[in-house]
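Common to both upcoming complexes is chain A, partnered first by chain B, then by chain C.
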Partner chain A sequence: MVDLGLLALRLAFVGGLYAVLTAVYGAWARRPAYARSARHAAYAVHALVAVAAAVLWHALLTANFSLEYVASYASSTLSLPYRIAALWGGQAGSLLFWVLILTTMSTVVHLQNRDRNAALMPYVTATLMTIAVFFLALLVFVTSPFERLPVPAAEGADLNPLLQNYWMLIHPPSLYLGYVGCSVPFAFAIAALVTGRLGDVWIRTTRRWTLFAWFFLTLGNMLGARWAYEELGWGGYWAWDPVENAAFMPWLSCTAFLHSVMIQEKKNMLKMWNMVLVLLTFCLTIFGTFLTRSGVVSSVHSFTQSGLGPFFVAFLLGVIVVVSGLVIWRRPLLRGENEIDSFLSREASFLFNNLLLVGIAFATFWGTIFPVISEAVRGIKITVGPPFFNKVNAPLGLALLFMTGVGPVIAWRRASARKLRRSFAAPLGVGFVTGAVIFAAGWRNYYAVVCFSLAAFVLATILMEFYRGTRARQALMGEPAPRALANLVGKNRRRYGGYVIHVGVVMVFIGVAASSAFRLEEQETIRKGDVVQVGSFTLTYKDIHFTDDPHYSSMLAEIAVAKDGAPVGTLFPEKRFYKKQQQPTTEVALRSTLVEDLYLVLGSYDEATGLMTMIVFVNPLVNWLWIGGLVMVLGTVIVMSPTAAERRALAAALAVEDRGLEAALR
Partner chain B sequence: MERNRRFIVGASIIVAAVAYLVYTGIRETSVYYLTIDELLSRREAVAGEGLRVAGRVGTKSVQWNPATLDLKFRLANFEDSDGVPVAYTGVLPDMFAEGRDVIVEGTYARDGSFHARTLLTACPSKYEAEAGAGVAKE
Partner chain C sequence: MKNATQTEIEEALTCQCGCGLTVHSCNHVQCPSGIPLKREIAAQLGEGRTRAEVLAYFSTKYGEKILSAPTTTGFNLVAWVTPFAAVLVAGAVIVVVSRRWRRPPTVPPPSRPAPIDEARRARLEAELGRFDA
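The block that comes next holds the complex of A and B.
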């Protein structure tokens, strides 16, 4: 079995190389037969990688401890879902999983474009397969998932207990789908640059792929934050750790691209900028992979060198050199046909939004790699922590929130004073009133006051858009209000789906601002019967319980909770001890409402003295962060669902392109 | 051209704001990040400074008082031969144990002791093999 996996990986590597060479030669020599052969090779690579993944999965499920990978990341008592997840639980497996996703996407792209984009496709094939070959090379030559142990292990070391959490089952696949999804727009961008076909087609063809990648990047980041919140037990969800930043940066540049690409579609502007954003996003996904695997920047996720760093640096540098060369070569074709007319226009506001997003990405990037740079320049490592990122990104984030309200509503080209008043007078009023009210109520955290005022402003602009649209349909079509609203959204999915995403963004801002500005934290060492008062909560330590099973033993503190004097239930913060890895883990106890989360951590328990240390957090409004994430995801689904009009637009653009192609070939 | 110039002014303001925030942010929040060996070799120079130090928990050095949450241990170098005494108050992180890699952040006092405000433990994450389980083969 294992030999089959090894063989499949080697063949996939060779097949990938073949696909790259034949695709490029076929396009260059204008011989479609070669392009077809390259496509078939890409299918074969996909099948071979799937075989390799299946073999590794089989080894994990049957607990084949003669494999080093299985012995390192599984054990005989590990439950089925985590055995499946162990495929992406370790380095070699996660690289294999990565190629599996990439080649699956490659197959979907090839099937979708079998009869379309004949000019672009060979280069798309070549680009996707080049990326696949890079990862396959790592798997074949550097870090094989099928490495055998000299002597089969009697038992596995088990999957890290911190990863044995249901969020961990879906967070990495989601993030990988997002990361790898960025490769498809990248491949089309490269194809567009090489062929000089820099019109609408590549953008329209990849629009849904970009949204798809963004959808999973958003989801992946949210799930990661949720995992950190539930599993790490420090009361927070985001610590600006390099690995978190690695997932956040491509999200930012991808978000910027999704916005500015609208300007290109509508106004034929910002072609160069969009191209740079697509290329940048892909580079950031590779950079993110590099960060998580190289250990070049110390992180709570990985402190040591893994040896893959140099390969990623080399690949990344190669990519940067090639794409920079292509962009410079094609510069004349990337000039836009229009210029921005006014500051007060949607074009300008989208560009400012882009600059802010890229600015946040840049600040995050700089803070992340600062230790490396300072060491290279000054010979000493200087590091920045969460205070740096908060200090820099909070004002930029608030400016961005403001633009969220302005961008979608302000008029194209040039907004007149009258129109501005009509669109923004009421929302600005709502924002100011909100700010005044909460200030009068005694809030003195200025970031929070500004954030809530801006949130109210943005929500007001969005509500007004829905209200006006619905009213207009009611008047025009004579539809009743609910039907008018449904049709409004259904017929303009991009626009109103976008608004739904923005509502989610506002919720996220509210959750983040409130939970970081007004969070309570107490740490108490207590005996049975002691009472702790935190905010409006009264916590009584009733008892401690012990359980034991073959996989882990655990202790649970029984805490009676009362809010404003009235009992609201019992919570059981828990500490587990995983036997295979001899490692304790903290299982927090949560009482989660829309108003606040009560978050209890069993810090330690001393059997000799009976003293228990409990850490208590009260996180106000933090649930809105998760709900906001769900709303963003829902909005993306609305935006992604295709409409007939959009399909027609793509078909029309393709028809023009293909006619041009036929003419060129003749 | 006139229009473009005005626009460039707007864009420059954002770029300048980002640059300013990054610059002051780095100046105000950065701390030296040393390995324990670097700390040991330049004790004098960094005494009294806020530091972030990576090292290993020395064998048989952990004293932990669960009543007061006072933790004392030796932050050893990677051969476990030398180190500095660290004092920390708070709950033990899950991964804390002798021989584990940790990062402490705090002040290195002139008397050679380290007062840690934060104590981070290396999370042998999914990308890293623990105890030489050997993913990195070069």
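The block that comes next holds the complex of A and C.
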């Protein structure tokens, strides 16, 4: 069985190489049969990788401890869902999982484009398969998931207890889908550069893929934050850990691309810039993978001492050299019809939105690698931790929030004073009033005041857009308000779906600002019967309970909760002790409402004295962060849902490009 | 109840247990690094030292890497300044470039058309004729 997995990986590696070479030769020699063969080889690579993954899954499920991987990341007592998740719980398995997703996407891309994009596809095949070959080479030559132990282990070391949380089942796959999804637009970008077909086609063909990748990057980042919030027990959700940054940076550059590509579609501008963003996003995903696996920067997520760092650096450098060469070669074709009439225009505001998104990505990148720079320059190791990122990114983030309100509403070309007043006078008023009211109410955290004012401003602009659009439809079509609203969104899904995403973004800002500015925190060491008062909560330590099973033992404190004197329930903060890894974990107890989260952590318990240390957080409005994430996801679904108009636009673009190319060839 | 200075200092120091969090955020049970550090901070403050003095003490004792953010002196200033400088410079570039985009494209001065030889003229005539037909 295990040999089958090994064989499948080796054949997949060879098949991938074959696909790359045949695709390039077929395109170069204009022999479609070769391109077809390459496509079939790509399908075969997918099937082989699936076989390898199935073999590893089988080994995990049957607890085959003769495999080093299984013995390192599973145990006989590990439950079924975590055995499935153990596939991405360790180094080699997660690389295999990565290739599995990549090759699955490659198959979908090939099926979608069987009768389309004949000129681009060979290079798309070659690019996707080159990436697959890189990962397969690591699996075949460097870190095999099918490495056998000299003597089979009697018991596995178990999955890291921090990973034994239900988010493990969904956060890594989601993030990987986002990461790997960025490879598809990248592959089309490369194909467009090589063939010189740099018109609308590749952009329109990959739009949905980019959104798909963005959707999962958003979801992955959100789920990761939620996981940290529930599992790490420090009351927060984002610590600017290098690996969090690694997932955040491609999200930022992908967001920038999704915005600026609209300018290219509408005005044929910024072709070069959009190309750079697609290439950059892909490079950032590889950089992120490198960060997690190199041990260059320390992080809770790192697969330590893996020795894979140099391979990723080499691959990344190779990619950068090749894409830079291609971009420079094709520079003449990447000139758009760049034209800006005024800084008070949508075009200009999107440029500044891109500046801020990429600026935040750069600041994050800079902070992440600065320890390495410092060591190289001064020979002194320093730490760049959360205080740095918060201080640097907060002002940039607030500026971005402001642009979220301006960008979608300001007129194209040039906004007249009258139009500006019409679009922004009321929202600005709402923003100022909000700021004044909360300042008068005694808020003295200026970031929070500014953030809430801007949030009100942005929400007002969006509400006005919905209101005006609905009114216009009511007047023109005679539709009743609910139907007018539904049609407004249904017929302009990109625009109004985008607004829904922006509402989600505003909620995220509100959740982050409130929970970081007004968090209450208390640590108390108490005895049974003691009462702790935190904010409006009265917490009574009633009892402590112990449970034990072969996998872990656990203690739960029973805490009666009253708010403003009225009992609202009982919470059970828990501490677990995982037996195989001899490691404790915190399982926080949450009472979550739209106003605030009561977040209880059982710090420690001393049996001799009966003293229990409890950490209490009250995180105001933090739920809006998660709800905002869901709203962003919902908005993306609206944006992604296909419309006939969009299919027509792609068909038209295909026709134009084909005509143009035929004319050029004649 | 901890005082605000204690919390501030805990936030300014990194826990050395490998969690990557600040001393304040680290909540590992019996953390071999976070707990003694918290005690040490309290002791330092107890001796009447200021925040800056306490941070300097930790930086000297454990090395600069214990600080959770770069200092704002010397080379470390580069860490703080670069992101903003980059955004400002890129913003200036956008302004300059888009000003250039705003100008109407400069039309090259009309030049005398190159003389056409007879063979080409005949071909042109023929093709135009075909086009009209």
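Structural remarks
Throughout what follows, the second predicted complex is superposed on the first by the 655 of 666 C-alpha atoms of A that agree within 3 Å, B and C clash if a C-alpha of one lies under 4 Å from a C-alpha of the other, contacts with A are read in each partner's own complex, and residues count from 1 in each chain.
The working rule: a contact is a pair of C-beta atoms (placed from the backbone, for glycine too) under 8 Å apart; a residue touches a chain by one contact, two chains touch by 3 or more.
Just so we're clear, the structure is a prediction, and the values are computed from it rather than from any experiment.
After superposition onto chain A, the modelled positions of chain B and chain C overlap sterically. Using the contact criterion defined above for the overlaid structures, shared-chain residue A:L355 touches chain B and also reaches chain C.
Partner contacting the larger number of chain A residues, of chain B and chain C: B.
Of the two partner chains placed around the shared chain by superposition, neither chain B nor chain C is touched by A:V506. Of the two partner chains placed around the shared chain by superposition, chain C is the only one that A:V377 touches, whereas chain B remains out of contact. Touch criterion met: A:S94 reaches chain B, while chain C stays clear of it.
When the shared chain is aligned, chain B comes close enough to touch A:E68, but chain C does not. Shared-chain residue A:G236: touches chain C; no touch with chain B.
Contacts of A:L163 after superposition: chain B is touched, whereas chain C is not reached.
In the overlay built on the shared chain, the residue A:M129 is in contact with neither chain B nor chain C. In the superposition on chain A, A:L308 contacts chain B only, with no contact to chain C. In the three-chain model built by superposing on chain A, chain C overlaps with chain B at stretch 111-119, while the rest of 57-65, 75-83, 111-119 or 129-137 show no clash.
For the contact definition in use here, the residues of chain A common to its chain B contact set and its chain C contact set are 233, 298, 300, 339-343, 348, 351-352, 355-356, 359, 362-363, 366-367, 370-371, 374, 380-385, 387-388, 391-392, 396, 523, 584, 586, 601, 603-604, 615. For chain B in complex with chain A, the touching residues are 3-4, 6-7, 10-11, 14-15, 17-18, 21-22, 24-26, 28-34, 52, 54, 66-69, 90-92, 94-95, 101, 103, 105, 120-130, 133-138. Against chain A, in their complex, chain C makes its touches with residues 1-2, 11-12, 14, 18-22, 25-27, 29-30, 63-70, 75-76, 79-80, 82-84, 86-87, 90-91, 94-95, 98-99, 101-102.
Chain contact summary for the complex, chain A toward chain B: residues 68, 71-72, 88-92, 94, 142-143, 147, 157, 160, 162-163, 172, 233, 243, 292-293, 295, 298, 300-308, 339-343, 348, 351-352, 355-356, 359, 362-363, 366-367, 370-371, 374, 380-385, 387-388, 391-392, 395-396, 523, 525, 581, 583-586, 601, 603-606, 609, 611, 613, 615. Of all the residues in chain A, the ones that touch chain C in their complex are 233-236, 239, 241, 298-300, 338-343, 348, 351-352, 355-356, 358-359, 362-363, 366-367, 370-371, 374, 377-378, 380-388, 391-392, 396, 522-523, 575, 584, 586, 601, 603-604, 615.
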